[in-house]
Structure formats: structure tokens, C-alpha cells
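Heads up: the structure comes next, in C-alpha cells.
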Amino acid sequence: MIDIGKKDPDKTHYKDIWVFVEQTNGEPQQVSFELLTKARELAEKLNCKIAAVSIGKSVEHIAEEAFKYGADKFYIIEDEVFSDYRTEPFRDALSRILIKYKPEIFLIGATTQGRDLSGTVATELKTGLTADTTQQEIDSETGNLMMTRPTFGGSLMATIICPDDRPQMSTVRPGVFKAIPKETPQKGEVIRETIDIKEEDIVKKILKKVVSNEGNINLSFYDVIVAGGKGMGSKENFKMLENLADLLGGTWAGSRKAVELGYVPQSRQVGQTGQTVHPKLYIACGISGAIQHLVGMQSSDIIISVNKDENAPIFDVSTYCIVEDALKFIPKLIDELKQNKKINTQ
Amino acid sequence: MSNKLRYDVIVVGAGPAGLAAATVLAKSGVKVIVIERGRFPGSKNVMGGVFYTDCMKGIVDEFPGKAPVERHVIEERMWLLDDNSHVGFTHKNEMFNKEPHNCYTVFRAKLDKWFAGEAEKAGALIINNTVVLEPIVENNKVIGVKTDRPQGDIYANVVIAADGVNSLLSKSLGLRKELKSKDVAIAAKEVIGLNEDIINERFNVKGSEGVTIEITGSFFPGETMGFIYTNKKSVSLGVGMILEDVINSKMNANDLLESMKQHPSIAPLIAGGQTKEFLVHLIPEGGYKEMPKLVMDGLMVVGDAAMMVNSIHREGSNLAITSGRYAAETYLEAAKTNDFSENVLKKYIHKLNNSFVIKDLKKYKNLPDLLQKDKRLLQKYPRLLNQAAFELLTVNGIPKKEKEKMIWKTAKKEIGISNMIKDLIKIWRSVK
Amino acid sequence: MHALIFIKQVPDASQVRVNYETGTLIREGVPAILNPFEAHAVEEAVRLREKIGGKVSVLTMGPPQATDALKECLSMGADNAYLLSDRVFAGSDTLATSYALYEGARKIIELEGDVDLFFAGKQAIDGDTAQTGPGIATRFDIPLVTYLIKLDEVNIGKKYAIATRLTEFGQETVKTPLPAFFTVEETLNELSYAPLPWLIKAAQTEIKRLSSENVALDKNQCGLKHSPTKVKKAFTPEKRQRGETLKGTCNDLAKQTSEILLPFVK
């Protein structure tokens, strides 16, 4: 481990809100801008500045967007060793810069990279990290950041504070906050930091990367999810759900039952032992609504459920209930949507 | 290369019968292994919930000790339900408050877990999440069992089949015939959460005193028995109907339970409660006549697997436990001469015959058939009794003698004098 | 080969009920289960042991009765099970927890020998924060490999492992020196049915207990007092209500629904 410096234990010396801008091959992740937007809101209450920080081989070009979304300063660390994400060099670089500049609050997107990085950095800095938060507010009395997160699959919400340690660290899932550019973006300052990390000192090596579409899919990236359960009857029938999802700009998924029956790959499972999602729209087709599934999707904004059993528990959490056989209904719905689309584009 | 797994005794099933056998054996230094298919002992067991203290003597003498029991029963009620009414008998006795208490209401999942702990403390090995697929037989002698796990064959001097109402072992060894739908009941039970004080108030008890209510009558279709038992902070409510009647009446256990909860005599007792659990199980009802062969070379059958349930007296777990103890004692005697043949293991049957277990089961051996064939008993008589009671108690200007005549007339019409006499004789014969 | 898995016993999240009046969890009667992700970690470690020899230890931090999950691990083939339990840990957040587990692990290294592979599940289904694993790895200053979906190669002699991990973009194969810390995905393997002799051995294996009596602990890093994050309040989210039931023939329903979906159509 390189020398990351000594942390200042006096919390009053910490100021400003920093946001980590995650990037892959120079391409920034949307969640970073969602967090910058949120940071503006928080900075107003604290009357402080906002900074973005990014680490990679070449990240300077992201500055414009960072300023567009509210950063006053953009700190960059560029080096060949950071071409691909690896825990150890990123952890050391980030820890060093945080110790040097002492931000009061540090926000990271809860992506695989973000979760990998945040836990290690928080431990390095011996500070508090609250993961997967869905709400962030400043406590007007104390000025502390109040971070709210769901626990037990959403059955209970907890508001966490980190009153004595700095920086107050928090991760937020993509899609929780909206990314809204400033009305009048100002040009900020780009500050280049150098760090002495050599490739030969980094023990972990990446042998190969395979970019793939199937086999792994992060459902939380999508605003619309069309999910199917046992009621869909077969793997082939899921094609109509995929078609519907395409029409709505989303993706398709399934319940655990659907996965067990082989209709859906495990990577697209929603539920307690699958992924937890809260898209803007969740359409459940032929899903009964066992509690293990509900905990994975019940905080979606709009839930539309289609099930021929009017007593299916899924209806208890649905915004719109459609008591009908999904296999009959979905094709008709797709037709209607295609018709409307035609009409609207004419 | 693989060493054979060898034990003195294999007990199949960690229910009360199996655990009783295992505890007695282990306490005497016998190397005993218990194979349970559930995740933990009790996870697959259901019973109404009344557990008798007496049967634990010689097994866990300090019972209840630290055992998780709910309330000790001081009042037992019997209700004959009609559509909107009931005629009841009750006995409440301060003597039941004296220790040792006669019986307690319990939760099987908790109690069996504790019981298993006692067996383990004594030295028994309990293996969960494992299913016994079939016995290993050699020259007509049971020498072990085959489980569903890799390298899962176990050998022993004796196998004790404590594998419940659907005993796979008895079936595969040809000891019992296929269970007929008239010989089992489907029982459904609901645990309804209620505040402790509310239970005390509604059932007129205090502290950890409990009440049991056994229910039958014309309210139910077919041969059905229901119950309500008070636990510390909940009430167990259940109903069991002979499978044959379930099939004929096209009702399912859940429906039966729901309708029972709404009966005017019952609804107020559980008002405001929250359903915490719902369970269903099969209960052997055939009685003495349907008991399978209990012994063969290297094998003894205990508990529900041996159909030892005396439902009219609500006794099953104590019979199971006693049979488990007898099987263990029989083994200890057989071990003296290292002879585990049927001839020697027959001592198990003798013990049962000389005890209340068989004596009680024999006493009521004709009752199952009687109740089955004569639907009048559980349908017409309760109705008649309710109507009679209502009539007699209503003051409406009609003189009592006239009322009696009316009742008598109805009885004659509904049942008939000769039938009533026949019924009386039949009942007397069945219970003497 | 010595593998150490950090496991957590959690209440089955799908069975947790909330008391809407007091806003607290009803934990009574909720069965505790082995965190599903860790079960796969134990499975992987045991398979490795079967292949190349060695031993598998598991460690959990919890109240004295948190033995069910450890017993399950033993039944799956783990050799040693340790329970780290002490009142001083009460109220620990993830930082304090990773410290406690770090010290517990150091004790196990002392008792059982150096560890080559550390494992933890991707996340716990009750807390869902996925921080403890990375925290422990940082304290040991060893490489961290998260979202493990395959252990391609483990070479104890040459002290390296090749592993494949899963990200939003696809799969990545890394080479890391050992010892290293892995957090695992459910898809890492399928749980197998352990042979009976393992269950018998497990039933006869004692759970070893660790506490402040036998583990060197810096009390200034333990428990609620030294947890940077604190729960300010816990509340139940608005209980979702059943919405509108659309009525009509299948065609009507399709028309109505397409109206509702208009804003989403691309």
C-alpha cells in the first residue's frame, strides 16, 4: 500500500461535498451525474461547494459534463495503471486524495465498482459508510447528513447518521435520483493530482474481459421492467414480454418460479434471492406475488399486474390490477401500443 | 474403502415416539442415531397441542423442567355444536393447578426441538435434513436403512420405525396395508395470536392456566372433530375430518376451519386475533383394528407409524412416547442376549398389551367403525340435544310437560325409538 | 489450503413482519437462516478442499445462540466453526463489525494456520450493504475480488488464483496472488447434497467460541460507541395499497392499459 497520508481527526476541518465520477473506458456512468444533482441540493443547505473526482487512464474530457451537473471543481488522477478498474490502486488513490482535501460528504454510485470501492475506502479512512441509500437530507439542527436506506428487502426503512466521523460516505443506486443539468452551468476548475503508483506494485492483474449482453444483467439500470412468472407457461412465451419491454424501452425479467422452471435465466431473477429493483414501471405477468418476490419489486413507482387469479397477492401492491390471462392480454396490449405508436408518428 | 456406518439402534423419525426411544436408549449408553427428514425435529410435526406429563416419566423425569410449554390445563370443555348454538359439558378443577400438572398446551416445533436437545444431551446423534428411503433387509431381518444422502447406508442391530402416519418403513416391509381414506383424518390447525390478558379474560383463567375445548356436532359435515386450545399468547384452533368424508363432501380443511371460526360460539373467543400460522397434517384414525404388525426381526414400529391414536380421548403423543419408551426397554433386554429376532422383540408387544396403550385402544376399537357407519351419532344427536336444550330453556308459556312431549316427538321422528335403543347399545359396546 | 468463510445468520427477510403501530420489526418466531450467498461460498471452499486437500473454517459474529448457521456449514462439510460473541460488540455498524471479524480471523490464523482464501457472500439479505467483506480485506491489506462467479484456478504452491467476476458490463478474469478475499455470487455453484458421514461428523463437532477473553481486541474499535454510523430512526415505509382494478373485456383492458403506458412508449 502506498502512503496515503494521515487523516485529520478534527471533523470541523472537513468541508464541501464530493462526488465520485465512475467511468469505464473513459465513458462516465450516469449515476455520477444523478449524485451531482443531489449534491447541489445538499450544498445549498450547507452553503458549501461541490467537487467531482475521477480516476482513470484518461478522464479529463468528462470535466464539461461534471461542471454541467454542478461541480465547482473536477479533480482528476490519470495514469496508465488506472485503465481498468482494480480495487487496490483505486482505493489508494482515492483515499489519498480524500485525506488531502477533507470533504465533509462523499457520494458514490452503488454500482459493482462503487460497492467494491466504497467499502474499502471507508475502512481505510475509518469512517462511516451507508450503502444503497434512497434518500439524503441535511439535518437542519446538526448539519449532519441523514441517509435513509431500506432494510429487510424494504420492510423497514432506517435513517442513518455519521455524526462524528468524516467524510460522511454514502452509496446510492443508479436511478434513485434524477440527473438534471444546471440551468446556467459555469465553467469550473480542473485540478490534476498525481500519485506515485507503479504497475509492478499492483498485485492483481486483469487477464481478460468479456463484454456480454446475456449471462449478466443489472436490472436496476432500467426504468421499465416487464416480468413473468409461472403463469407464462413456457420459455417461448417470454418472447412477448421481451417485445413489450422493447416497446417501452425497458427489459424483461422473471420470478424465482420462472427461473426454476427454466423460463428465465437466473441473471434476470427479481426477488429475495435475485435482484431488487425499483424501476419507474414494473409490469408483472402471471406472477402470483409470493412475499419473496414482492420484497424484490414492491418499491417500484408504478406496478401493473396481470393475473387470472383475482386473489393473487401481487394485486395488493399493484397500482393497476388486471384480472386476465397474461397470455391473452399481453399480445393485445402490444398490438394497442403499436397502433398508438403508428398514430402518434403519423 | 468406505467404512460401514454402524450403530446399535437406528431410530427413523425425530418425533415424540422416536425421541422418547432415543433418549431412553442413549441414557443407557446405547449408540443410537436418529434420522429426521425435516430441517429440525418438529418442523414436520403437527398436533392439536396437548401434551401429557405422565408419559415423560422414565424418559425425562424433570419434565417440564426447562421444556417450552404454554399453559397447564385446568379446564376441559366438550361442545356439541349445532349451526348457531352448542350444548356443552365442562370440568374445571383446582386440583389441576397442583404440580405435577396433568397436561400442557404446547407447540410441536418448540417442544420437539427441546426434546431433541434432551436426547442429544443423553448422547443420541440426531441427523436432520435426511430421508430414509428404504430398509436394508437380509434373510428377512432388518439390518439397517438406506438414506437419500451419498454414502448414506447405516447398519444397526435394530431399527425403530418412528416415521409417522405415512410410515414408509411399515409399508415397504409389508407390515401394514395401504391406508384407506376412512382410516385417516386430515387435520388443519391455525394459530391465532391474542393478547395474554385477553385470553385470560375470555377463557376465565389467570396466569399460566389453560383451557381446552373439544368440539364436534352437526355443525360439521361428516365425521369431524375440532378443538380450541389456549397457549400463552395465542389460541390453537383446529379441525379434523375423516379423509373419506372430506372427499365426499368436497370441502377442504381450510374451508372447514374458516366456517368454524365464524360460528357464533367460537368467533367471540378469537375476535381481534391475528393468524400466525397455518398447518395441515394427517392423523391416524383407524384405531386398534388398523394397527399394523409391530415387530419383525430387527424392527419395532412405534407412535403414529403404528397407528396409535386414541382420538376420542385426544391422546396420541402420549401413546407415541410410551410406545417409544417400551421399544427402547425391549431393546435393552434383547441386547443382554444379543438376540434381536422377532421372538425376542415381541416383548415390546407384551408391554403394550399390558399397558393403558393397548388396553385403551382395544376398548375403543369399534368406535371408529361405529362413528363411520352411523352418521346419526355425530349429526342427529347433537342437533337434537341443542334443540331440546333451547326448547326447555325458552320460557314462552308452553308448559314443561308439553315441551318434553314435543322434544320426544321430534326425537322419534328424526331418529326413531328403535334406532335410539340400537345406538345406545352400540355405543355401550364400543366403549366398554 | 486453508479457506476461511465469514458467515452471517440472518432472519429470513421474506418472513420478517413489521408492526405498523410501533414501527418495529417483529423478530419473534422468524427463522434464522444461513445467508444464502455464504452457503455458496462454503460449498466452493469445501469443493476446493475435496480437490486439493486442506481445511475449511467458518466464522460468524453474533449472539450466543447464533449456532444454527454454523451447524449448517459444518453439515456442508466445513471442518471448523467459530462463533465470535461478546457483549462488547453490541450495536456494531459495518466498520466495527469488520474490525471484530478481522481480529477473530487473526485468532483463527493463530489456531489453525495461515489462510489462503477468505470468502464472504456478496451481501446479506437483511442488511444488504455488501461492505463487511471489503472492509475485512482492507484491514488485512490483501487483494479483493468481488462478485466472484468462478474460481478458475487455485495454486497454493505458487500462491496465486485466477478468478472470474461479474460486473454490469460482462465478465472479467483476474489473476491475484494469495491470500486474497473473495465475495461470491449465488451463481458461483450449485449447492450439493452432503454425504451422510459429513452430517454425522458435523453433529459431533463442537462450535468453538471466541470472545474478548481469548481474542485480543481494541475495545476502542468495538460496539455502538465506536461505530461511526448510527441509526437515527427506523420507520416502516408507507404500506403500499391496492390500486385500481381495471374492468372490461380483454380488448378493453388492453386499450385502457395502453393509455396508461403512453408516457413510456419509446
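For clarity, chains are labelled A, B and C in written order, and residue numbers in each chain start from 1.
By our rule, a residue touches a chain if its C-beta (ideal position, glycine included) is under 8 Å from a C-beta of that chain, and two chains touch if they have at least 3 such contacts.
Since the model is a prediction, treat every value here as computed from it, not as a measurement.
Enquirer: Work through the pairs of chains, note which ones touch, and then classify the graph as line, ring, star, complete or other.
Expert: Chain contacts: open path, no cycle.
Enquirer: Which chain is the middle one, judged by CA centres?
Expert: C
Enquirer: How big is the gap, in whole Å, between where the Cα atoms of chain B centre and where those of chain C centre?
Expert: Each chain reduced to its C-alpha mean, chain B and chain C end up 41 Å apart.
Enquirer: Centroid of chain A to centroid of chain C, CA atoms only: how many Å?
Expert: Their C-alpha centroids are separated by 21 Å.
Enquirer: What whole-number Å value describes the gap between the mean CA coordinates of chain A and chain B?
Expert: 55
Enquirer: For the complex, give me every residue of chain C touching chain B.
Expert: The contact residues of chain C facing chain B are 29, 75, 193-197, 199-200, 203-204.
Enquirer: Considering only the defined contacts, which chain A positions touch chain C in the complex?
Expert: The contact residues of chain A facing chain C are 1, 24, 84, 86-88, 91, 111-113, 115-116, 118-120, 122-124, 126-132, 146, 150-165, 203-212, 215-216, 218, 221, 223-224, 247-250, 266-267, 272-273, 276, 280-281, 290-292, 295, 298-299, 303-304, 315-324, 328-329, 332-333, 335-337, 339-341, 344.
Enquirer: Can you list the chain B residues touching chain C in their complex?
Expert: 5, 33, 125-130, 147-152, 154, 276
Enquirer: So in the complex, the part of chain C that touches chain A is made up of which residues?
Expert: 11, 13-18, 25, 36, 93-95, 98, 125-135, 137-139, 141, 143-147, 162, 166-177, 186-187, 227-237, 240, 242-246, 250-251, 253-255, 257-258, 260-262, 264-266
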